[in-house]
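Both complexes below contain chain A, partnered by chain B and then by chain C.
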Partner chain A sequence: MANHTATLDSDAAAVKRVPLIINDRKANWVTDNISTIVEAKTPIWWWVAFCITAPIALFGCFCIAYQISTGVGVWGENHPVGWAWDITNFVFWIGIGHAGTLISAILFLTRQKWRTSINRASEAMTLFAVVCAGIFPGIHVGRVWMVWFLAPVPWYNGIWPNFRSPLLWDVFAVSTYFTVSVLFWYTGLVPDLATLRDRAKSRVKKFFFTVFALGWRGSNRQWRHYEMAYLILAGLSTPLVLSVHSVVSFDFATSVIPGWHATIFPPYFVAGAIFGGFAMVLTILIPARLLYPQLYDVITQQHVEKMAKIILLTGSIVGYAYAMEFFVAWYGANPYEQWAFLRNRLADPYIIGPALHVQPAPYWWAYWSMITCNVIAPQLFWKKSWRRNTLIVFIVCNFVNAGMWFERFVIIVTSISRDFIPSSWHLYHPSWVEIWTFIGTFGIFLSLFLLFMRFLPMIAMSEVKIVLPEADPHHNAPDAHVGVEAHH
Partner chain B sequence: MERSRKVYGLAAEFANATALYNAAEKVRDAGFRKWDVHTPFPVHGMDKAMGLGKSWLSAVVLCGGTLGLLTAVVLECYPSLFDYPVVVHGKPTTFMTVPAFMPIFFELTVLFSAFSTVFALLIMNQLPRWNHPMFNWERFAKVTDDGFFLVIEARDPKFSETKTRELLEQIGGQHVTLVHD
Partner chain C sequence: MANLFPKWTNWLPLKILVILFVLGNAVTAGVWYYFTPKYTRVGYEPIQPVPFPHDIHVSQLGMDCRYCHSFVEVAAHSNVPNTQTCMNCHSQVQKDNPKLQAVRESWKSELPVSWVQIHKTPDYVYFNHSAHVNRGVSCFSCHDQVNHMAVVYHAKPHSMSWCLDCHRAPENNLRPREQVTNLDWKPSDENAQTFTAKYGKPPGEEQKDFSGEVKLTQLEIGNTLKHNWNVQPPDINCFACHR
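And then the complex of A and B:
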């Protein structure tokens, strides 16, 4: 019998999966090492980082205040380019906000257990990205005090908002997405806040965590409903996350502008959002792991590699979508559409333009930056040793971050700067206010993330414990009662 | 405290999820009704070991989602079709335009469902609450770390301070302790 078991064990070892949490860590290790991040004295690097990001955030807020008090004229927008960096930045940030909910919802439904190591930080990142995104449509309307017109209340002359407008759908989609993401994130946080409550030494912290842990005590009669609630929130968030960027894409797709009026937009936007979101998750978690080395056992090379694979997949889908847009422009035989794609985007001054005898497109550099960053750079991940190399992954992710910004710039500005009537053509250049508002949102995003790292558990401890081998009631030795004696 | 404190129940600690799982099966089979286990994470299969059925939280969410859908239908259709149809870009305002209302139907359905999920979770778990008798036991602080606990409440008809203690010790419970309110 003993020999037989040994053979089975060695067979099992041959096909054994790499554990999600490495170095054979126990539940107690997880609690200690994740809670310490919150409990320890604020590290010097944190203050240094915060002293850089917070002033940038404040200057961004100053730019917003300046724009609101002076008017949208302080931006470089013009006729016909009424949407430029503002909407580019909105779509950029809201796209980044897709990875968190994808990880927490879709990967939960598809039982990708590796999500537990990264879901909390990604969800937080999602919320902060949506906060940054929400700024732009709010301030670009110009008269910010009129924003309440978007709310479904009859205003002074009894007219309601136009519910048939994609812009109003967007208001509902983004605000629902933010609200549901907060609810999902907080539900996941409750058991971990209870952990911090039970470990808290100071009265202030104890009070704070007691309030926010809601009296959670890990009873199975509670876990039963909790697990159902988590499943339902994941089920609700899955179509929601797909709908948000689809609705954002409707803002463009339902218009008649060549370059916007494309049926491929919803899936193309969703793939791009997941692509850009995962790149930002890695951009944040790779340095976080350097600063807190204990995270190397939780966010392992396996996690980085899996995210790199998702980036490769979604990047290739995005590349396919770019190609398909051109195919449809050509095959659809609409001269305006063809003109927009060839002469506003593709034609560069060196190779394609001269070859086709067309003038170079004014924003050709934006288009080709987008292709380089989004389509070519992630192809490096086909090679296993490269997608397992943290430095290469980090560099590629930053290419993707830049590329996804260029994608939205290309879609928005190249399409409207030169549309049907040549007499109305106008190029667009951003003003310093626009540039600094955008940089300011990075300050806001990073400051919020630093605060999150400092005050809340950045790894979902109770969820990570579920994927430890000891969590399985059929894993531990059947004679566990003896173990009880030894344990204490 | 001056007055004699009421007994909440007898609690025991277990070594790991397996020990607690096996113990829960035995407590269930012994016929207790008012008892619970406390774990740092949901233990797979524990509902069955405790003899609990499927959570009916989903039924509440179904009601909430339906309410959200109806809200969206009324919110969009009443003003846009009946109260004050606004002609935008010369486009029609008839029933043919209902497909344009679908995205908000969907969004409000999800929004109401999510809120009903969270509120149902709080109500069904009787949370938030400031304190609980179990928190009076200092070992219980481990429950959010790596402690596995089982408690049989005094209000269970089969509860007896001596016999229940014997049962808990017999099924592998450690540090069996009388927890007071």
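And then the complex of A and C:
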């Protein structure tokens, strides 16, 4: 009998999972330590960071105003490169948003409880990334005041947008995505806003938290409604994780440009979006954890490792997609497509170009930066000790951030800078306005995130409490085996 | 800290929603009504240097539109007559009428009368008068019964959807060419036997007998002419009117 019990105990120890929130933290600890981020005096580092990001954001806004008031000619785009940094940046930012939606929706539906530590910050990141993304298609049309033409409004011109154009689908996909993401984020915030309301010491804070907590009292009935609403929103968001970036990829895939016209694009873009998005989540959360050390108990090494694994998986899918593009170009026997891949992207001046006796591709460095950052760098995560090393993870994530930008640049610019007519070939160079608009969106993104950290709970307190050991109905239950052992 | 909001504020969100709903609908309805050419253009009747009465000249004296607007059949632009055209008659008729002072001054100074243009087309619209009047679209279709106007005013909206209404269904506005400048013409005025003898029977009504006292409808006339003249106005090609 005793032997049998001992075996059970050691089995239980072997399969015992590492708790999601470590150091045996209690519900009260979560409330205190997360709320204090919002309630404490603004730290010096916050002002320092904000005084760097806000001017960058403002200068970005100036560049946008300059471009709108002067015209798209202030950018370096010209025939045949009609899309360059603008659409590159749009796809880059919209892709980043996808990790937040995946964490909030798909990981919720698949009951991945580790999401609770990171979902609030990731959803905020999604919103801010979509804000940055939305700027570019808005301003690249040139006459911004006509941008309402994209909306199907019944008006006296008697015409409608072209419903057969993926550019219009894009408008619907992105606006739906933003709306659902805001609703999801806000619904999740309500119980936490009520917590902050109840703890508020100043009238101003009390006022705003009361208004935005929408009268939340935490009653049984309210929780039942809340959970149903959350489930429905998760269900609505789940297809969006797949559909938004599929539609973005249609902007290219439905054209006839070699390098764009590929049926592999939708899954390839979605995998890339999740890949880049998780990299950005880690890029933001790793420094946030340094600045607020109490977060080490909430966003643990386990969380970082799980995200690193997703990056490894999606990065490998992306690498497979790159390879498959070449395979299809070869197998499809379309000389233009083969030419685009080989002569516009792959051929470098040192190894492949000379080996194949071809001129190097003008943007070979962009292609090989992409391969290095997106395919090679994440492979470091195969080694467990490396994906548990925060510094390595942070560095790799930044490689991925850069790589995903290069991916969009490679797809867009290399495909159109040398098209069917050699006489119209033209190499694209960005102007300072384009460069600073892009840097400016980083300023906007980081400023918004700093404001979010300062004024709203960056961890979903009410959800984290549900995954605490305390919340387990069997927590502290009289353990039969222990009892048996104790009575020996 | 005590609660900041008294109990009545529980209804505030609902009240705000109701107000927003009402305001939103009011704004939509307002824009729908007031921001369209049906409202902004129709009824525009500027004061002209000379209050030229179309009704007297056309309906009483029987002048044809083309006596003054002489290029309408051969040019994209339908001209406003120059002072010489006015003076063809008014050098003798009503030559001292004070209302014609501006015309006489123009005749002396050789500077044109500053007529105020009423029917303006945006510069990105390439409207061609000759293409329309030579295919049986009457002046009436766009300018209404100018022959009964004491002073000309903007009678039709001239919005793009209004253009497209006709481009998508031209049969509603086609008439025999010789009736294009007859602004009082009605489909029932048309003699059915003469019309069918000249243009054939309306498509789909080949078996019908038009020999008796039959009155033709606009659709019968329009469809016949559309078929006969192969009228196919561009209805989805932007480059038809915008270049």
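One rule holds in what follows: the second predicted complex is superposed on the first by the 460 of 488 C-alpha atoms of A that agree within 3 Å, B and C clash if a C-alpha of one lies under 4 Å from a C-alpha of the other, contacts with A are read in each partner's own complex, and residues count from 1 in each chain.
We adopt the following convention: a contact is a pair of C-beta atoms (placed from the backbone, for glycine too) under 8 Å apart; a residue touches a chain by one contact, two chains touch by 3 or more.
This is a predicted model, so every value here is computed, not measured.
Touch criterion met: A:214 reaches chain B and chain C at once. By the document's definition of touching, neither partner reaches A:44: not chain B, not chain C.
Of the two partner chains placed by the overlay, neither chain B nor chain C lies in contact with A:18.
In the superposed three-chain model, the partner touching more residues of chain A is B, compared with the other of chain B and chain C.
When the shared chain is aligned, chain C comes close enough to touch A:203, but chain B does not.
When both complexes are overlaid on chain A, the residue A:333 reaches neither chain B nor chain C. By the touch criterion defined above, A:391 reaches neither chain B nor chain C. With both structures placed on the common chain, the touch criterion links A:159 to chain B and to chain C. In the superposition on chain A, A:226 makes contact with chain B only, not with chain C. When the two complexes are superposed on chain A, the residues of chain A that touch both chain B and chain C are 158-159, 210, 214-215. Across the complex, chain A is touched by residues 1, 3-5, 10, 13, 36-38, 157, 159-165 of chain C. Looking at the complex, you find that chain A touches chain B at residues 26-28, 31, 152, 154, 158-160, 162-166, 168-169, 172-173, 176, 179-180, 183-184, 186-187, 191, 194-195, 197-199, 210-211, 214-229, 232-233, 236-237, 239-240, 243, 247, 250, 462-463, 465-466, 470-478, 480-481, 483-484, 487-488. Contact residues on chain B toward chain A in their complex (touch as defined above): 14-22, 24, 36-47, 49-50, 52, 54-55, 57-58, 61, 75-76, 79-80, 83-84, 86, 88, 91, 97, 100-101, 103-104, 106-108, 110-111, 113-115, 117-118, 120-122, 124-125, 127-132, 134-135, 140-146, 172, 174-175. Chain A meets chain C in the complex at residues 155-159, 200-201, 203, 206-207, 210, 214-215.
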